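Shared between the two complexes below is chain A, which has chain B as its partner in the first and chain C in the second.
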Partner chain A sequence: MPINLWHENRVLGDFVQELEKKVVKIIKKKKANFPESFIQDITEAAKRHELTDKELTELVGQIKKAYERAKVEDGEAVGTVAAQSVGEPGTQMTMRTFHYAGVAELNVTLGLPRLIEIVDARKKISTPTMAIFFEEEFRSDEEFVRKMANKIGKSTMKDIIKDFNINYAEMNVIVELNLEKIEDKRLDYDDIIARIEKAFKRVHIDNNILSFEPTTSNIRELRLLADKIRDLQISGVKNIGKVVIRKEEEEWVIHTEGSNLGTVLKMEGIDKVRTTTNDIHEIEKVLGIEAARNAIIHEAQRTMEEQGLTVDVRHIMLVADMMTADGKVKSIGRHGISGEKASVLARASFEETGKHLLRASIRGEIDHLTGIIENIIIGQPIPLGTGSVGVVMKQKK
Partner chain B sequence: MTSKLTRFEKARIIGARALQLSMGAKPLVKVPESLDPIDIATLELKKKVIPLDIRK
Partner chain C sequence: MKRDILKHEMVPDHVILSKSKVNKLLKDKNIHAEQLPKIKIDDPVVKEIGAKSGDVLEITRKSATAGKFVTYRLVVE
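Let's turn to the complex of A and B:
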């Protein structure tokens, strides 16, 4: 960088820093409690429009007003509103699976089935998939990405076979390896041989001609052996199947069928920030509960958007917060949140009424009638909205 | 009543005060043209003279 430009940048940096300090000061004076991003946005705006101090103060004041107006008040039925806001668009979702364009297709569950999967916090999702990104220096390196794709994606013997013969007369299977294909897939010959030797005891290796013998000499065994040889996995990460390499806006990205975030993140050259999976439980296991919360929000919103439906994030955030508030991902419904409520009456009113009432009576459970449902059942005003406010006579001073 | 009241708190206070007024409590403001206890309670709240507190 030339000196004068460097100097200019430094001066500009100083200016922005000073401006930011000023913004923070004004915000403090206005007693506003803004998130970090607001401070940056305001600074940016002040710089762009060259605001005077007076204008800046006015701006902060107006933002504060709007910010406070956007907050929900105590006693607002946010849960009910969230349920309706997600539920109504949910009725419009079509049962449709989306296919990636291109020759090699990847199937990903979307639409209503996917949304149900997220909310139910399924352990085994129907189509786990990963999007693997690379660090800056490898992003446009096709050779490197292809090598990684073959390391990650599953390859079996049948992908690298040139010739395959079952010899019934000599009771053996003769396999000729296709060295070109091995080269093309960037696999290691010695690695493959090691794997084959580990999997099959009775194998004779002569360069790229392999002959296998069954343990007991009969035709049935021989045929089983042939299938076993063809399906032997010679490379790939556990739980990951097919991979698709695509160029997305000047960078190479690998999409996978199946998912194994833990192993992939440990590999060299992987962008650990952007590489992701759609398996929420895996994210929880590898990256923790906050990441899982973000994943729920992200996945739910993406699923809705793909169907052309927009739901305010705050509704989805509430759902995600409820699902992760305990430090582990819980489902909504019988086995999760609704089934773990403290109140007997609340649980009984959801599902399996008899079971809950019987158990509660055996254990002698006490219901403190603090929730909404309990008070509806016994016919009292509910603690929500106006009902959540207590009124007392003012103490005489 | 230090901070701003929520709309629920407002409604609850006006309601409670209007009930008191309707049962004969003395208004703490000059009664306006309307004799509706709710109008009187609303005015009282505006002038911050209602002898009621919010308990959360």
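Let's turn to the complex of A and C:
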């Protein structure tokens, strides 16, 4: 960049900072409590339209009015609105495809089944998958990425044998390793041998020719041994199966079938900032509850958007907040939020009516009738909107 | 190798609040500490920053709607 342009940019930067300070000052004077994004937007607008101080003050005043008006009123049924706002587009989802061939060769659950998985906070999701990124120096290093892919992805003996023979006469299994394939997969020969020796006690190793003997000499044992040899895992991270390497905008990314965030993040060369998984419980375990909240929002929104539906993030944020408020990820529904309501009548009206009523009667639970559902059941005005406030007359002394 | 989970893009900043700041916060919002959202003591972030049970964490999230949003969580067993 030429010096004078650089200088100009710096002056412009100073100018924007100066303007932002002014905007903050005016906002303070107007006693408005704006979020950060507003301050930036106002500064941007002031710069673009070259607003005078008077105009700026007027603008802030008008925005304050509009902002206060747009705020959710006390007593508003935000949960119900969120449920409707997510539920209505959900009805359109069912009509479309259930499974979708997602990233290249990997199949990822999408659509309504995925959305249900998210709000139910399933422990075992049907298609866990990871997106693994690399540190800056390795981003365009194909060789390194391929090596990592083979380290992470699952390989079994099947993948590296040239010749496989079951010798019934001598009661042993002769295996010839394919050294080219080992080379091609960037695996370590010594490492493979070590794993084989660990898994099989009776094995004779002569360079790339291995002969295995069963513990007891009968044909059944021999066949079982043959299967065991073929399926022996020689590399890969636990719980991760197939991997797909793709180039995305000038950098190599590994997508996996199966997920193990904790182990992958410990590996060398992995981008510890962006590498992620779609398994929310795993994120909670490895990165904590706040990351899990972000993951819920991200996954739910991505699922909706992929189907061409847009839901305001605020609704999804509310759902995510409720799911993570206790410090652990908890499902909506019977075993989570709806099942933990304080009121017996509210719980009974949702699911498992008999169970809740019976238990409440055994324990002698008291319902204080403070919620919406309880009051609808007994036919009273509900504490919602204007119903959530009462009028009291001030007595004259 | 130690993994730096605090640097991950999904993990917002967690800061332990001092006693006086906690008192001011609770007074401003007119609530008890138990009414705050919780965070478990065995949460990886809590372990990393060394917070203790009963501490209040100030969490500065990146928000899609507000740009930046500050919230609080109480550390519980």
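We take it that the second predicted complex is superposed on the first by the 325 of 397 C-alpha atoms of A that agree within 3 Å, B and C clash if a C-alpha of one lies under 4 Å from a C-alpha of the other, contacts with A are read in each partner's own complex, and residues count from 1 in each chain.
Everything that follows uses one rule, which is that contacts are C-beta pairs under 8 Å (C-beta built on N, C-alpha and C of every residue); 3 or more make two chains touch, one makes a residue touch a chain.
Bear in mind the structure is a predicted one, so any value in this text is a computation, not a measurement.
Room for both chain B and chain C is found when the two structures are superposed via chain A, with no clash between them. Looking at the shared chain after the overlay, A:G390 reaches chain B, while chain C stays out of its contact range. In the superposition on chain A, contact is made by A:E73 with chain B only, not with chain C.
Look at A:R202: by the touch rule set out above, it reaches neither chain B nor chain C.
When the two complexes are overlaid, the chain among chain B and chain C that reaches more residues of chain A is C. The vertex angle at chain A, taken between the C-alpha centres of chain B and chain C once both structures are aligned on chain A, is 60 degrees to the nearest 10. Of the two partner chains, neither chain B nor chain C is touched by A:H335. Annotation: superposed on chain A, chain B and chain C show a minimal Cα-Cα gap of 13 Å. Common to the chain B and chain C contact sets on chain A is no residue at all.
Against chain A, the residues of chain B that register as touching in their complex are 6-9, 11-13, 15-16, 50-56.
Chain A meets chain C in the complex at residues 35-40, 265-266, 268, 272-274, 276, 283, 285-291, 294-295, 298, 313-314, 317, 321, 324-328.
On the chain A side of its complex with chain B, the touching residues are 73-76, 385-386, 388-395. On the side of chain C, the complex with chain A involves touching residues 1, 3-5, 7-12, 14, 37-40, 43-46, 59, 61, 63-69, 73, 76.
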